[in-house]
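Before anything else, here is the set of structures, which you'll find just below.
Shared between the two complexes below is subunit A, which pairs with subunit B and subunit C, respectively.
Now for the complex of A and B:
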């Protein structure tokens, strides 16, 4: 399939996928080497997980970071971080405290070469409604985001729906501030259509979004978590309609990164996650018309 | 590389002060997928062969600094990373006998991105229990 102007999604990996192996059977370099073997160029790290001595990596670590990116031809895409509103027991972070912490991550993301930040906000209820003061500290940080060339993107994650008050609030904020430095990271788990593997988290009664609801959000979307739970041996993801999702991305000339994020069973079985990622990357490669 | 279990075996030993055994140590790693700020941690309980230790019987050593359990909540700027086990030092006059011990560690941490009623849920999904050999 081809939609003329040549702009189309690119492939990457979210290192979250390797959570069962990082530190015990795989190092940061092992994960980057694994990505390189899949031709997955775009990287998402989790700052609090993958940066040794976070939030102040040593000079030696930084030097090795850039060496590895070059060696494995990896492009830093998305920097996962949190504004932990319940950082201190019994109270929520003030707007100023939230801003100060956000600013530290903005600077570090920029230092490591990232241009998108998955800004995970604290939530106040079961629908994952973000903290009441999110507009205030995000707005304070927008000039910094521009200065350091990063886009702050809360993650739209199940059970949030792609058509919802939360999304409307984010888009209203973007329209009101006219900012290009705040947007969305869409997690494809929001568009699940089939049950998860039977040996994995039992599916509660859940509502998901139709793929049709994705297109209107793409102008605000700077990265996607290509969430998956189960790849078959014939390279089909069994829970989520990847063929339809990728068709929407191609039709809309969306040019960001699809970051494969494995969240299925056996994450601590050495090699299992790598195998799932390879299958997922091959599926995306085919759907994107790269072969 | 770290051992897969939260409770690591290699740092399990008695602590000697002035020629006397005053307690024991063990180290734990975070099996959560991200590191945490110390103020997100909740006090630990250690159970050895059914004997329970808690509150000021336990101190945490993280990045070379010793913290009482009570003061962890103030340290929102100190981060405990995934690759650096924390050492728990437990007061027990006379220490532990050499040989096998059934060790259990309970602790929790806060996750602000989860609904408030599920704040500590992720830290309580699996118990941390291990049979360890004490040599020294």
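Now for the complex of A and C:
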């Protein structure tokens, strides 16, 4: 399978996948070594989980970070962080407070080599509508994002629909500011078609987006969370139409990273997540037409 | 989703200070997959044999050195409870918990930015207190 100019998605892993093992049965280095072992290059970390002494890692930590990236041939792709709007009970962070925190993360992401940031905005309701002042603090941070070469990307996550007011608002903002430093991270859980493994976070009356709604968003999309819940023994993901999704990415010459993000059962069973990730990477390799 | 992180096995103990039992403590992991400043600890609830402990009697510390009440923690942003760190919950109760078998329930609630409802993890364990020597066996 090949389309025009040879630009196509690259593969990586979101370390969130290992949440049941990180800190107990696996260290940061174990996870990076595991990624290397499965041939995944791109990395997403969660800053607040994976950086010791966040947001002020020590020089020794930093030195080891770059040593590990080199050793395991890992490319820092996406830096997961939060604008903790509910830091204090009873009130939301002000625009200035939000900007100050954002700036710290922008600098740290850049220092660690990341070029995309999964900027989790505070939300105010069950439909995940972002805090009212998001435009103000993001706009304040855009010159910094440009200076430090990072793209701030809120995560588009179920139950948000790919065609929705929220997405329209983000795209309006991008068009108005003409920025290349704010965009989207799309989580494939938004396009789920089949039920999750039994007894696992049953989402009964949920609505999902058709894969067709993905293409118009790709020009604004700088990374994707290749969310998955269940790889079968014959290397098929059973909940989400990966064949169709990857077809759309290839057709549109989308060249960002697909970060495998496992969110299925047995995350605390040693080795289970690693095995699921390995199968997922192999599936993506096949669908991407890699040798 | 985070109940498994709560109330680490075999961590309940009566606490002695100045030769007297001053209260009891138990340990827990954070019900979240990242670290947070103490101000985002929304609530901690402890109950013993179905009776809730008064909020004012509860103290928290992630480092075991500096302790805060729930009200105090509302403004504490420089102390952090890191992911994977056993945080200690202390209940001020002169005499500690009495000898015998007790059901102790711990709930830890975290206020997060991106979900409108706080995350909560809860777990009850059976605790056996032997006095005066502080031994205990816990079962889930």
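Here, the second predicted complex is superposed on the first by the 291 of 291 C-alpha atoms of A that agree within 3 Å, B and C clash if a C-alpha of one lies under 4 Å from a C-alpha of the other, contacts with A are read in each partner's own complex, and residues count from 1 in each chain.
Please note the rule applied: a residue touches a chain if its C-beta (ideal position, glycine included) is under 8 Å from a C-beta of that chain, and two chains touch if they have at least 3 such contacts.
Everything quoted here is computed from the prediction, not taken from an experiment.
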Subunit C versus subunit B on the shared subunit A, clash or fit after superposition: clash
First (subunit B), second (subunit C), both or neither touched by A:89: both
Which of subunit B and subunit C A:25 touches, first, second, both or neither: first
Subunit B versus subunit C as contact partner of A:123, first or second or both or neither: both
Partner chain(s) touched by A:46 [first = subunit B, second = subunit C, both, neither]: both
Subunit B versus subunit C as contact partner of A:55, first or second or both or neither: first
Common ground on subunit A, meaning residues reached by subunit C in one complex and by subunit B in the other: 16, 19, 22-24, 46, 48-49, 54, 82-89, 120-126, 128, 268
Parts of subunit A lying in touch with subunit C, wherever the complex brings them together: 16, 19, 22-24, 46, 48-49, 54, 82-89, 120-126, 128, 201, 268
Contact set on subunit B toward subunit A in their complex: 1-4, 29, 33-37, 39-40, 73-74, 76, 79, 81-83, 110, 112-117, 119
Interfacial residue positions of subunit C with respect to subunit A in the complex: 1, 4, 33-37, 39-40, 42, 74-75, 77, 83-84, 111-116
Residues of subunit A touching subunit B in the complex: 16, 19, 22-25, 27, 46, 48-49, 52-55, 82-89, 120-126, 128, 268
